[in-house]
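Read from first to last, the chains carry the letters A, B, C and D; within each, the first residue is number 1.
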Amino acid sequence: MTALTMSKALTAGLRSAMTRDDRVVVMGEDIGKLGGVFRITDGLLGEFGPQRVIDTPLAESGIVGTAVGLAYRGFRPVVEIQFDGFVYPAFDQIVCQVAKLHYRTRGQVKMPITIRIPWAGGVGAAEHHSESPEAYFVHTAGLRVVAVSNPKDAYTVLQQAIACDDPVVFFEPKRLYHHRFDGAEGDIDLSADISDAPPMGLARVVREGTDVTLVTYGAQVLTALDAATAAEDDGVSIEVIDLRSLSPVDYRTVAASVRKTGRVVVTHEAGGEAGVGAEVIASITEQCFHYLEAPPLRVTGHDIPYPPAKLEKHHIPDLDRILDAVDRVLDRPNSLSEVTL
Amino acid sequence: MTALTMSKALTAGLRSAMTRDDRVVVMGEDIGKLGGVFRITDGLLGEFGPQRVIDTPLAESGIVGTAVGLAYRGFRPVVEIQFDGFVYPAFDQIVCQVAKLHYRTRGQVKMPITIRIPWAGGVGAAEHHSESPEAYFVHTAGLRVVAVSNPKDAYTVLQQAIACDDPVVFFEPKRLYHHRFDGAEGDIDLSADISDAPPMGLARVVREGTDVTLVTYGAQVLTALDAATAAEDDGVSIEVIDLRSLSPVDYRTVAASVRKTGRVVVTHEAGGEAGVGAEVIASITEQCFHYLEAPPLRVTGHDIPYPPAKLEKHHIPDLDRILDAVDRVLDRPNSLSEVTL
Amino acid sequence: MMYTLTTQTAHGADTGEVSRLLTPDGERVADPVLDLWAADLDVQTLRTLYRDMAITRRIDAEGVALQRQGQLGLWAPAQGQEAIQAASARACRDDDFLFPSYRELGVLVVRGARPADLVLGWRGEVHGTFDPYALNVATPQIIIGAQALHATGYAMGIQRDGTDQVAVAYFGDGATSQGDVNEAMVFASSFGAPVVFVCSNNQWAISEPVTVQSHFPIAGRAPGFGIPSIRVDGNDAIACAAAMRWALDQARSGRGPAFIEAVTYRMGPHTTSDDPTRYRDKDEVELWRGRDPLTRLEAHLRHLGAFDDAFATEVAAAGDAFAAGMREAALTARTRPAIEVLDDVYAEPHSGIDRQRERFAAYLSGFDGEEAAR
Amino acid sequence: MMYTLTTQTAHGADTGEVSRLLTPDGERVADPVLDLWAADLDVQTLRTLYRDMAITRRIDAEGVALQRQGQLGLWAPAQGQEAIQAASARACRDDDFLFPSYRELGVLVVRGARPADLVLGWRGEVHGTFDPYALNVATPQIIIGAQALHATGYAMGIQRDGTDQVAVAYFGDGATSQGDVNEAMVFASSFGAPVVFVCSNNQWAISEPVTVQSHFPIAGRAPGFGIPSIRVDGNDAIACAAAMRWALDQARSGRGPAFIEAVTYRMGPHTTSDDPTRYRDKDEVELWRGRDPLTRLEAHLRHLGAFDDAFATEVAAAGDAFAAGMREAALTARTRPAIEVLDDVYAEPHSGIDRQRERFAAYLSGFDGEEAAR
């Protein structure tokens, strides 16, 4: 077992995938000598050489578009988008080509492309460097979308994504890259066979509880756990679910929890409007309506462009905002007690 | 009063807007001599000249990006995207620039850009010509999103969108361009002052009913009305709501209806996953939970790439699929009676 | 250092400066560069080329007819562009991989597409017809310019596999305005990838004359990216073949990408939905009719004594047979059952699609067999 | 017609062929084209230029220091690139509209940005600081290349208004790979729009040497789009000024867009988050230190007898004063109240934002004043 940060776990995951399958190539801006601006590809150029670790020209549509060509040729490209906010120039190639080619060719052409995206805010970054674009990809049929929240998942799920014959958009929460995880989540068995790991599509009950189901993913998992701890002092038992797979969502796990608790809060950093939280609530309401004792609530970023760094703490849902919603689903006094909705 | 198809009503709306304000320019591919592939700009080149009706090079990012520059200069560009599936190359300019510049500049720079998109399927078109990308824009803060469903709205709302100081993504259902609307919806008073019209953000109760609220927009409004007519024979009274504004949604109107009926079905052609229906259901469930007598349901396109033309009728929700969901919210025998969910 | 413009404005019916080996009358003329690459094109090769082009034209007419008869939803005519399509594809090796646009009918024909492959897509039965790996041809692209990047990426893959194959990207004049085509040139040049860009400048992007995209010859753009290019008479099959052989050699021998602008003309409408009388003069079309690639090659073959009635009859019969196959394929097409809309979204099991399939199957089972197969 | 490559590979520390009016020692040399445009640059103009550049350098150092001290979140150093930034901006008329990237500090200085304008953005207090219409400068762009289209669109607006203004797009060598920059050249050329493209080729795009983007001089790309270009020594302020005057004249007189590649060097890290020792040699940096734009212009002014201690002192004082203003602005910055995250999303009333504002206000009111203003 090796204790690794998420950043190092991702590097290790890439290394394993590249060692196991020589059709895996990684490509992106500054991923060679520099090892990427977050150093996730650190050392790979030296180990695997420039044929497999490709510093590309500065053009995201070009990166994803050439990855499509490489996939046509039977490679498994792992694309690094430098920051979340720079994926949009590649949107056409992702939506019209990467997502659709398998369907368009009736399964004759596979697109085993993994698109890694350092993701979301909370790190005091400049404009366009803290975006949460996951809902765009969740809404795009033909893509799988995952988001990791700890080193162990990062290591395992990244390899699963690369091994998957479908395209996967892989979100890496920037603010957890160097977070210190004590315990099992930060302890990785680099010799373990990933085929023994649970399949990529499964959600995880991170903490059991009985009163409220708190659904989240990415860096918000830690905030949700903090909220659960705080609520415990207050006599409220929160079950925290890390979705891990945002598309498809593992509704079996989520629904089982909701049937138990009857109350749901979903939290994420992206804006709420037509976001992942809306999807989860709509589906859960359909599937568990008669178990619900209160309206499922969202605690999300505001529906605004990502704010300047000094204001981001008012945007990313924190423990207090989550607990306020928990109070609301429990019908306890809360911020909106006096507001007509 | 003049009887117009939606196609002609849009042309008339553009003409009025261009006549009223000489800062309005229209731009896009083939919109000049040809009048656009759907002829919506027919005649405008002759009337307003090439300075205001601009046939652009074949590049959507270029079209929207130069529209941003024109808006910087104080123009009001109306951009035509030739088909729904061709908006993606412009996604970066729309999401990072059009949607965010007002916020980024603290209101100093306005982006009164209207992006017209001939939209959705049902017309037997080739690949990439029948997309329903509205949820991407609804999820993007800083944009307003509207969808029209009849000539009268098309005429009025297009002018409101152009007059609005915010960017508006304006969806035009292709399959209604030449549909014959009898009655008030197809009868337009070209001399009326649009400032007398209801504001752009309001939904419309198209048909009153008491048992189920059926929420939709675009071409699905007609299918919903057909469903309501059919249900009537069956003793079920459906209230049909045309959202018109997809962002923001007029929740006042929708919630009022749901409080009355206690049952909701949302239908749209786009896939369901993180779509507009998910948003509507999540919000309505929060706002009207205690009025709900059944889980709100979605009847949407499958979560698949748009299928080949011959199969599209199995993708776009039709009257039968809507009525099946109506049966479900009414807890009457339906297709899923035997299926464990 | 100052870079000025040495090339001239391209406009209207003028083809500007082009490299050419056949006059419109089919007379062989010299070209210092192309002659090198045309030297060993023997008569048999030229007859094959003529055959490909004639079959392409016949098929194209059938496609238009089938569309007019309601058998197809749409058709994008290739008439007038047969020379560059057939000649470039014939110049390729079988293991070269081609990335066409929707209009490269002649490329598909040369590559051995079957009649059904040409109709089932436009009929709306399926998106992609043939197996790309069977023909070494990618599924034709509708998103303008996107395939230029795919070809470039494929060529990067060839480099990694160390083979001497070449990838070919086909696109139109309009496509050169798209970011993707320009990014493809950047990537191809940066990596020295073995890709050939074939731009069929047919003077029009739907209703927009090429001058909306560029007032200057398109071929002049490539060298700025570090890609040598040639501007060839796209209605001269021999010149097209020679230019393609030059370009393939450049790419195959490790000297990196090459670019061809084939100056040609779209004789028909953009697609069967288009009405070109709204935006262009009949005179222009008639002028180009005089530059027809088939009559030109036929005249040349006649000069060589390599074109007779027997050949003409055989070619016509082959075209008719293929066309009959298309008609047959259209008339006997069976639309897939409704449930199959959910097939092939993913390569591996997917709980979301599974759930939708289960529900949709339950829904469909409520109808009798006939209804469900509507 | 065959287009071959006439230009050479650009690599490493070699600047390749550039137009130049000052040697690294500040000696005035001749250039057939640039001399025409430098003829009436008088000593006072050159002193102003030096002043702009020196203030820019001083401010840049202050920005780095403030970042190191935790006052700013990030800073993108301009050191080494002052000549092209200041000279190009000074050559513009006040009513020309400039579209800079994040690194064009010198452009902002010339345009009269105030100290706070340079720190509040990087500090994370606001996204955009100055009013674009006050400086005729767009809010600096971080999405690589996007502003090239904005400038082109603005220039199309100028054409429609019938004025003789010019729009200027600034971007780096890396940006030339983006579709948007290429599409901007297509649109600008197609419409003959009065836009000048200024590419500061500082040899690096973060860790990638310019050769990843192009093995050929970037200026060589523009003519293919129909845009004349010049490749100028970007550390030679007089050459930069002359080149910009040529380009502005081209655009202003209705002859369409022009392109400048200024060959310069990024002396510092990409941003304060970057560690360039991971990817580039010290020697290369030292070599470029010998080509410093400030010492070069200073030497030239000394030759002319136009540089003395009094001038140096005055310029230093002005730089220090501006830097002090920045420090003051950083230290006295007050973060806006939480509720203001919801301001300015829309220009007109919006029911969605209104609802969120109401709820968030109710939520915030649950905290005491101090908490709410955290």
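Everything below uses one rule, namely that contacts are C-beta pairs under 8 Å (C-beta built on N, C-alpha and C of every residue); 3 or more make two chains touch, one makes a residue touch a chain.
Quick caveat, the model's predicted, so the values are computed rather than measured.
Student: From the C-alpha centres, identify the chain that is farthest from chain A.
Tutor: It is C.
Student: Is the number of contacting C-beta pairs greater for B-C or for A-C?
Tutor: A-C
Student: Using mean CA coordinates as chain centres, what's the chain B-chain C distance in Å?
Tutor: 36
Student: Report the inter-centroid distance (CA atoms only) between chain A and chain C in whole Å.
Tutor: 41
Student: On a C-alpha centroid basis, what's the spacing between chain A and chain B, in Å?
Tutor: Centre separation, chain A to chain B: 30 Å.
Student: For chain C and chain D, what's the span in angstrom between their mean Cα positions?
Tutor: 43
Student: Which parts of chain D, given as residue numbers and ranges, touch two or more other chains?
Tutor: 126-127, 143, 177-180, 183, 186, 190, 212-213, 345, 352-353
Student: Give the residues of chain B touching no fewer than two other chains, as numbers and ranges.
Tutor: Expected reply: 56-57, 59, 61-62, 85, 89, 92, 96, 103-104, 127-128, 141-142, 247, 273, 302-305.
Student: What part of chain D is in contact with chain B in the complex they form?
Tutor: Residue positions touching the partner: 97, 99, 126-128, 131-133, 138-139, 143, 146, 148-161, 167, 179-180, 183-184, 186-187, 190, 343-348, 350-353, 355.
Student: Under the definition above, what is the set of chain B residues touching chain A in their complex?
Tutor: By the definition above, chain B touches chain A via 61, 85, 88-89, 91-92, 95-96, 99-100, 103-104, 127-128, 135-136, 138-139, 141-142, 247, 270-279, 281-283, 285-287, 289, 292, 294-298, 302-305, 341.
Student: Using the touch definition from the top, list the residues of chain D that touch chain A in their complex.
Tutor: Touching chain A from chain D are residues 73-74, 102, 121-127, 142-144, 174-175, 177-180, 205-208, 212-213, 273-274, 278-279, 335-336, 338, 340-342, 345, 352-353, 356, 358-360, 362-363, 365-366, 374.
Student: Could you pull out which chain D residues touch chain C in their complex?
Tutor: 1-6, 16-19, 33, 176-180, 182-183, 186, 189-190, 211-217, 219-226, 228-231
Student: Can you name the residues of chain A that touch chain C in the complex?
Tutor: Those residues of chain A that touch chain C are 25, 51-52, 54, 56-57, 59, 61-62, 65-75, 77, 89, 92-93, 96-97, 101-110, 112, 141-142, 144, 164-166, 201, 247-252.
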